[in-house]
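Labels run A, B, C and D following the written order; every chain starts at residue 1.
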Amino acid sequence: MEFVNTRKKTDKRMTLKEAIATFVKDGDTIAFGGMGGIQCVAHAYEIIRQGKRNLTLIGDSPCEAGDLLVGAGVLKRMEIAWCSYAVAGLAHNFRRAVEQGIPHPIEVEDYSNFTIGLRFLAGAMNVPFLPTKSLLGSDLPKYNARIKTMDDPYTGETVALVPAARPDVAIVHVSRSDKRGNAQMFGFSSNAENLVRAAKKVIITCEEIVSTDEVRRHPNLTIAPEYTVDAVAEVPFACHPWNMPYYYAYDIPFHIQQLTAFRTREGFERWMDEWCFGVDSWEGYLAKVGWDRLERLRRVERRFTHISC
Amino acid sequence: MEFVNTRKKTDKRMTLKEAIATFVKDGDTIAFGGMGGIQCVAHAYEIIRQGKRNLTLIGDSPCEAGDLLVGAGVLKRMEIAWCSYAVAGLAHNFRRAVEQGIPHPIEVEDYSNFTIGLRFLAGAMNVPFLPTKSLLGSDLPKYNARIKTMDDPYTGETVALVPAARPDVAIVHVSRSDKRGNAQMFGFSSNAENLVRAAKKVIITCEEIVSTDEVRRHPNLTIAPEYTVDAVAEVPFACHPWNMPYYYAYDIPFHIQQLTAFRTREGFERWMDEWCFGVDSWEGYLAKVGWDRLERLRRVERRFTHISC
Amino acid sequence: MAENQNFARDYNLPELLVAAAARELRDGDVVFVGVGVPLLGALVAKLTHAPNLIMAMESGSVGPMPYRIVLGIGDNACVENAICTTSLWRLFADQQRGYFDVGMVGGAQVDKYGNLNSTAIFGSGDYYHPASRLPGSGGANDIASSARRTVITIPLEKRRFLERVDYITSPGYLNGYDSRKKAGLPGGGPVAIITNKCIFRFDPETREAYLDSVHPGVSVEEVRANVSWDLKVAPEVKVTPPPTEEQLRIIRIIDRAGIYTNNGLKNLTFESYIQLLEGSLEELQQLF
Amino acid sequence: MAENQNFARDYNLPELLVAAAARELRDGDVVFVGVGVPLLGALVAKLTHAPNLIMAMESGSVGPMPYRIVLGIGDNACVENAICTTSLWRLFADQQRGYFDVGMVGGAQVDKYGNLNSTAIFGSGDYYHPASRLPGSGGANDIASSARRTVITIPLEKRRFLERVDYITSPGYLNGYDSRKKAGLPGGGPVAIITNKCIFRFDPETREAYLDSVHPGVSVEEVRANVSWDLKVAPEVKVTPPPTEEQLRIIRIIDRAGIYTNNGLKNLTFESYIQLLEGSLEELQQLF
């Protein structure tokens, strides 16, 4: 694996727009951070806005990013475990693509959440595969030739193998980072620490940029040291309408409105015209949501979870 | 793997003496936490005091515990990467055992630090082996039949495999824990989080017992949730003469005195008569070291590293 | 606990299902939960007969005590008062290690051996061209593979209860008898299927599902009519107990807007949502 | 930087070795260090020409800036001002991933292809019955396998510089040429052997070590006499530069008690040790 000098820069700050323009190329394999909360929503909108094409998405349950990118025709392939908005509703774009080829057919390779996590861990460790007891006996290996089984050479017991994931680009949202890319997370991190290590290029987005001194005061919170990171973008409210622990609550009323629109292809297209192409950046999206609304989501969250360090 | 009810207890507190008497049996395979600092010194003295026999030790670089247990004739076998006191000196007992069979011969199976770490990770994940790029080309596989190589079924590249470690008992020292065994670490943790998960029985020792409420204020620091732990013992200064980050500095002058004694078998025996059998517990050892000395090690450390949460 | 055994009279079906899920859990259990009925069941259990129950969520959270309704397995509520926040792969590895006593799983189809499909309904097509593409496994395959026991929740409908599912996303007992063990799966397999009309359990030898209890007002015939295979029935079919008054009280505090138990999402505005959160804080704080 | 190039006159051998180790490091390097000369070298580099150098220690610490002498790879000094504290396996996995530019390794024997032995001196025995049992690999095998380049430190003695080591603990270029790559090792292999008398480097094709520079006052013949194989020598053997005045100043602040550079452990009392720590704090704080 080759590294370029972006990893060695002492100031990696960029806007999200610049970072995606610089690092995401047509045909790339990409991966996003988050699971339910901490999702990379801003990132998906920006990729769509920049008209990227023929991407492959690898992810455990990349619900919003997956559904948006499929609907926008950006993806040619998904290697995933799940695509749905959970409590808020189903992923209509994903279903339309698989069931009806709208806007165009996509390839889907099915895994489970754990085994996608293992694929990132394998990539992070630079080993070609990892073994697991998941998947055995199920129909996932039947339809996915890259899930292999072998007899353990030590005990003879059967294990399943999954191949390392090595995305071209990982875009991972964290609580905070310094400008060198020392990225810290409060609360659960999903697969973030392995995602950044599995990928060839890494864009860290964060709720806030802090000083390196502040990072050094809490070294246990660093999930991605600077040597894993190529770019850092400060993108507050990057997960809206999803939640960010310790920062802002889930805006589920917004999500319900959005998913009602997504039920039809026309509704999705109108939504994208308005919320993606009708603004020129995530700042534009947020202004459209309304800073008063965002502030209330932040304020209500602070009553429940509050950074105490 | 079977669990007994000790994992489900809501108050797992015991003295170190009780915990070792309860969980460590003759013939067991054991593993300790720590790497340089955070070492389980109190634990080794107590195991020796209780006259345990025929143990197998698995560890990356279990320097002090390894050398003491070998010298005391407790071990029949070591699966390790390293045994030495580093800056303070060599492991004379370990050398005498391998070179001259004193006090009796021991089996040694050589690994590297990373691959011992992978053995614990495999045990923690309940998979029979993990692959690595370490060990290839070296002579470790030549003399250790349990290091195997295979061709990756995905790419054909060669990888080495190491078998899962599943010790009967792990004894792991951490910064703090609640009485249920939610164990937290400030600073580096070596292999602690995998050790506890790889072992069948787990004794957590800690510098201080804290409330579960305090644990909940910093959930990112928990490296061993209560469901992995069987017993909790509060053992302040458990690492002396080694260091514990954020708690007390390394007492290297003491170590030098100790290792000077260890140069001869007679010196080691005299030392053990005085520091192990001459006291009835770790409290006795600490009193003998002197609480004023320990307090100075604690005070000087607080000028350098200080828990700020 | 005597007063807890007073059964409620005025409850709805989701509330009965939550109570049934809660009854599958024991004190001290570590439970791998998904959102909705299973999570409500786990919270109700923790607040009644199982105070030492620990919830684990796959986003990477262990032991939360949330002071609000949980709106996803990655909701901020999952970090509230957690004893450990970590990563997805670690929690699944812990499950594979055998630490999790119970996993709650669902699906769109289930068969007589408790195998679940949440990947695709083939219809006249196949996996590649399905009539209906479902979300996929998520963590369900992993839970079904490794949890020491699993509890399945799924609505009782003939098109869902099949001799064989189209696609095994989450393994139950595979082909019955010891076929699950032979496949190398470490977990124990399903112990119950909770439906809107009844509860099934599994024969310890054949591993086939049989009808164990019907919910109040449901007949055995009604159940049979909604199952595609020749259903086995317990010698004495029980009646599923309704929620106790205590369970019901707690359900209604936790899900005060009826999001999971009364179609409450439908009428949620931004204002009423913020009020819901603020109102929950105080009331739930008193529960834990 | 001009004044930094003033070479010191009054220095000892360990100080020259620290300076030589420092010169192997570049700004921005991530360095996997062990204690002693390599660590001092890394600190000196960071405080002179390589301010963005990051040290990684296998106990699980990244990027510390310690305000005292580091007495072990698990010393508390390793967490001081670290940018990340984590676990051993993760740091080694990061190394296997290729993030670490340089690793520093030692041993008791080295051969012409830079293979190192730190496991056992066989003497008239073998691995199972060695004349001398050494500590073992520790992390050395892993560093030698995966670091993008490695720097070896070992004293120059005929019994240590062998045609072939008794046991390859840490792979260099194995049998030379492309044999290292063929074995599947991801790292680049050794670039230098720093000894008490000279520095060796490696032929880019054969991968055999050759004499590149002698320390001031050492002759090529003296080096040859301490190597067991027919040593190749650079067309123009250089003289190893001594430490600069700036390097020496920093070495003496960091290792003010001469623990690594002047046999300072010998005379350390508890009182002088506590004073050493307290005295270091202020002086080193000003360096970073």
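Operating definition for what follows: a residue touches a chain if its C-beta (ideal position, glycine included) is under 8 Å from a C-beta of that chain, and two chains touch if they have at least 3 such contacts.
What you see is a predicted model; the values in this text were computed from it and never measured.
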By label order, what chains touch subunit A and subunit D together? B
Can you work out the whole-Å distance between the CA centroids of subunit C and subunit D? 57
Chain centre separation in whole Å, for subunit D relative to subunit B (CA means): 27
Which integer distance in Å separates the CA centroid of subunit A from that of subunit B? 38
Residues of subunit C that touch at least two other chains are 61, 79, 82, 85-86, 93, 96, 186
Contacts with two or more other chains, residues of subunit A listed in rising order: 126-127, 132-133, 157, 159, 186-187, 219-220
Name the touching chain pairs, would you? A-B, A-C, A-D, B-C, B-D
Counting only contacts in the complex, subunit B reaches subunit A at residues 126-133, 146, 148, 150, 152-155, 157, 159, 161, 163-164, 185-187, 217-221, 308-309
Please name which positions on subunit D make contact with subunit A in the complex. 28, 30, 52, 54, 61-63, 65, 79, 81-86, 93-94, 96-99, 186
Any idea which subunit A residues touch subunit C in the complex? 34-39, 60-61, 80-84, 86-88, 90-91, 94-95, 98-99, 110-115, 117-118, 120-121, 132-140, 143, 157-159, 186-194, 242-246, 249-254, 256, 293, 296, 300-301, 303-305
Residues of subunit A that touch subunit D when the two form their complex: 1, 3, 8, 10, 124-127, 182, 197, 212, 215-216, 219-220, 222, 225-228
Report the residues of subunit C in contact with subunit A in the complex, numbered from low to high. 35-36, 57-61, 66-68, 71-80, 82, 85-89, 92-93, 95-96, 119-120, 127, 130-133, 135-142, 145-146, 167-171, 174, 179-180, 183-186, 259, 265, 268-270, 273-274, 277-278, 281
